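Scrolling down, you'll hit the structures one after another.
Same chain, two partners: chain A is paired with chain B first, then with chain C.
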Partner chain A sequence: MTPAGRDRLAGVLLGVAPVAALMLVALVVVGVGLDGAPEVHAAFLTEAPTQAGRSGGIAPMLAATAWVLVIGIGTALPPGLAAAVYLAEFAQGGTRMVRVALDVLAALPSVVYGLFGMAFFCELLGFGWSVLAGGLTVAIMILPLFVRLCEAALVAVPADYRAAGAALGLPRWRLLGRVLLPAASPSIAAALVLASGRVLAESAVFLFTAGASTRTPHGLLEPGRVLAVHIYQLAVEVPGGGARAAATALVLLVGIVATTSGAALLPQLLLRRTAA
Partner chain B sequence: MRLRLGDAHVAWALRPFAWLAVVLPALIVVFIAAEAAPVLQLEGALAFLTDARWAPTSGVYGLGPMIAGTLLSGALALALAAPWAIAFGLHVNLFAPRWLAIGGRAAMRLLAGVPSVVFGLLALTRLVPLLVARHPPGLGVVVSAVTLAVMILPTAALAVDAAVAQVPREGPVAVRALGLGTWDGVRAVILPQAAANIRAGLLLALGRAAGETMAVLMVAGNTVQYPTGPFSSFRTLTGNIAVEMSYATGLHRSALFVSALFLLAMVLALAVFDGRRT
Partner chain C sequence: MSAGPSAVELRAVSVRYGDHVAVDRADLVAPAGVITALVGPSGSGKSSLLFAVNRLHDLDRSVTVTGDLRLGALDLAKAPGDALRTRIGLVFQRPAPFPMSILENVTFALRAHGAPRSELPGRAEHALRRAALWDEVQDRLTRPAASLSGGQQQRLCLARALALEPEALLLDEPCSALDPRSTALIEDTLLGLRGSTTVLLVTHNLAQARRVASRCVCLWPAPGGGRVTDAGPIDRVFEAPATRELADYFRGATG
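This part shows the complex of A and B:
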């Protein structure tokens, strides 16, 4: 076979992979949409579930998801950004151990975070099954991803900015506040959104730390069932819950896609504004 | 480069946050180990490997079937996902028209964001009904491996994509100058040079598969037994924890934390292996 012939054959055979990936996305959308779409209406989003979720809505699950999202992201943001700033701007060697530890954290399965959160936050600190315990546990889970992304955002700021600061005799922390952080802020915002996607998709952590109560959480120390856990419960524990599981999955998928496509667009939008 | 006075103070104030990253994994391991300690002291670590039965309420704690289940489902998932991921990474970098490269990568990023419970749900509602007539109840090794493969595919595919993109273009250009084609360049230059990073990406995906809880929990069947065939119901280490944690107390609960320790050991061994090679 000629080289050109080999290339054509390889192009066709390997091309099955990306085409199949597109088909898989279609399969997920259709598979969830067919069962779920007929069940989604305004009341589904505003009512509490009845008959273990076979009827009624998912309002308490939306509330629980919002709680853990706000607590998780809010808790991870300050230390995560501080660690990233240190690693990118102030560390003078000796960070190898920190980086290895971040890799280890990133490799831990979510069920391990869940068990740790249960033993530490729920039991030792006495938070019980609560959105607080769930939010704090998931904050630890997203920390390595967030630090990595923020550090990359800072490192990606053009070297000219630092050189200009040095030429002006600015201390590094002034440069950081005035120039580097503002310049990196679109990518940091994108990192937050990506981390939010992780929180929304997580289920094992919340099963062990936030519980599966179908009541609406009204405070930090109340339990709550997030959307992902609701999908699991409906699909496995509730006979005839499949359609409602698909409807919940549809709502969750739309939420995740809306957030993550926000992550892709955010830097451009923010940059345009700062440039104008 | 030395920091100036103000900078030194800021660095000093920020340093503890970086070290938080070191403290947290240590804290997590210590807590899991402390909860596992009571039953480990009583039975010894070996009992968890040598006993073939798991009857925690009667003091029999064999984790062998669950370890086998985790290894088997992970390995099968990787065997399904790896060729797909490698073909994907090569095609979008070297062969695909622009629209397919962009669309394929967007698809993988979308799939990476899909919650594992949604894959589990789809497997239950779309895949299991196809099998249930011939192999009731349809749950078990095959469905779990397929579900896991789909779940880890984006991790593996995007890693291979990055690994292939990192290979300098001079090699393939030189191969072309010899009158050979892109595929010859793939075999002679790109695959050998990207091999280490591809392997690291695939190991990362295998770690994901071993650590996945909910999707497999939904389709594995969760019977404690060594998997005997493609439609055999089985249980993973993670599934063992999720199924029993809600009602476990005392030594039983402690034994579930031992499950987590074994899982940790497997995943960290993978991470170390991967770190040593690259």
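This part shows the complex of A and C:
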């Protein structure tokens, strides 16, 4: 076979992989869409569930999901960013074990975090099943991944900026705030959105910490059922709940696609801003 | 504002990267207000010696600098690094404007070092004029610095360093990636600094060294680290170099 022929063959074989991956995703979307789309309408998004979720809507679940998302991301962002800044810009050495620990924590099954959250937040701190306990637990869960992604974002900022800042006698915090963080902000934003996607898709943590109440949570210490838990409950524990589970999954899918699309678009928008 | 040019004097300065000696006991005098070229083959330690002057090596814990380094009467080893670098500017080989506007690139360090806000526009204009960039950017100061050409970006970095009105300016092959026109503009800027700023210019471009510098210091690579093998007025160094290797290097036979 000629070199050009080998190149063409390699191109075809390699091209099969992304197509196969896309087809698998499409299969899930089509399956969920076919089962769930007929159930999705305006009232589905604005009403509370009735008959254990076989009818009514998912408004309380949307509210609970919003609660844990805001608490989780809001809690993980400041320490996550601070840890990443320290690791990328200030740590002098001896941080290898910290990075290994973060990688191990990022790989832990979410059910482990759920058990910890139930023991620590729900029982020891007395939060009970609540969106606060759920949000704080999921914050701890996404923190290791968020730190590593933000650290990678900062490390990827051209070293020339640091050298130029040092040559101008700029204090490091000033260079950090005005040059390095803005330059890394597209990737940090992507990390944030990916972390949000992980929160949206999580169920085990919330089963242990936020509970499964179908009422709308009106405060931090009230329980709530997030979308992923609602899907689980309808599919496993409610006879005849399959269609509603698919409809809820479709809403969740749209939410996750929206956030991950944001992960793809936000960096470009921020890049335009930081270049300006 | 600048206190006027100060001489840079190095005595027995060595630079080590771990166990590797890059520069071995180098002596160098860059007289006040004069352009001094630092020439020599690759690996002779020119940039290492240059970065020792403004203590940029402080950022890398694997680097050790020993010897006596002075800016005028100031012992550089004892001066606070950040304050020192406002008195000794540095322009790198590769332009690295910050991801902000053209104007902010020039005023950023001024603001960080406490220059009154009211002075910023005037000082930025002055620095951009000195770097021969004002006429090209005066109507687009708020545009991103990244929108400038490579040559303009390097002149912006020069303006950024000059805005602090340093007593000495270090340049590490500032024109190596530039076209002849941009190179000429930077050389004109350097010539305009004579008398007001001490300039230490690392360059592989020997013709450039002769065009702009009054004095020359030659470094030569050696197993125990780069050593200064000749120094003096540039015409004397180029016409009667102290070693055969330098003579061959200047003729283009080596290096």
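Please note the rule applied: the second predicted complex is superposed on the first by the 255 of 276 C-alpha atoms of A that agree within 3 Å, B and C clash if a C-alpha of one lies under 4 Å from a C-alpha of the other, contacts with A are read in each partner's own complex, and residues count from 1 in each chain.
Note that in this section a contact is a pair of C-beta atoms (placed from the backbone, for glycine too) under 8 Å apart; a residue touches a chain by one contact, two chains touch by 3 or more.
Not measured: the values here are computed from a predicted model.
Q: Quick check for you: in the superposed arrangement, does A:Leu170 touch first (chain B), second (chain C), both or neither?
A: second
Q: Just to be sure I read the superposition right, which of the two partners does A:Ile231 touch: chain B = first, chain C = second, or both, or neither?
A: First partner only.
Q: Should A:Pro158 be classified as contacting the first partner (chain B), the second (chain C), both, or neither?
A: Once the two structures are laid over each other on A, A:Pro158 reaches chain C alone.
Q: Of the partners chain B and chain C, which touch A:Gln92 in the superposed model: first, second, both, neither?
A: In the superposition, A:Gln92 contacts both chain B and chain C.
Q: Classify the contacts of A:Leu143 with the two partner chains as first (chain B alone), second (chain C alone), both, or neither.
A: After superposing on A, A:Leu143 lies in contact with chain B but is clear of chain C.
Q: Which of the two partners, first being chain B and second being chain C, lies in contact with A:Val179: first, second, both, or neither?
A: second
Q: Just which bits of chain A does chain B share with chain C as contact spots?
A: After superposing on chain A, chain A residues 92, 171, 174 contact both chain B and chain C.
Q: So in the complex, the part of chain B that touches chain A is made up of which residues?
A: On the chain B side, the touching residues are 1-4, 6-7, 10-11, 14-15, 17-22, 24-25, 27-28, 31-32, 34-35, 84-85, 87-88, 90-92, 95-96, 100-101, 103-104, 107-111, 113-122, 124-126, 150, 153, 157, 179-184, 186, 204, 207, 210-214, 217-218, 238, 241-242, 245, 257, 260, 263-264, 267-268, 270-271, 275.
Q: For the complex, which residues does chain A have touching chain C?
A: It is residues 92, 158, 160-171, 174, 178-179, 182-183, 274-276 of chain A that touch chain C.
Q: Would you mind writing out the residues of chain A in touch with chain B in their complex?
A: 2-4, 6-7, 9-11, 13-22, 24-25, 27-28, 31-32, 35, 79-80, 82-83, 85-87, 90-92, 95, 97-98, 100-105, 107-113, 115-116, 118-120, 140, 143-144, 147, 171-174, 176, 197, 200-204, 207-208, 228-229, 231-232, 235-236, 242, 245-246, 249, 252-253, 256-257, 260
Q: Which bits of chain C are touching chain A when the two form their complex?
A: Touching chain A from chain C are residues 54, 56, 59, 61, 81-86, 89-90, 92, 94, 96, 98-101, 108-109, 112-113, 144, 146, 157, 160-161, 164.
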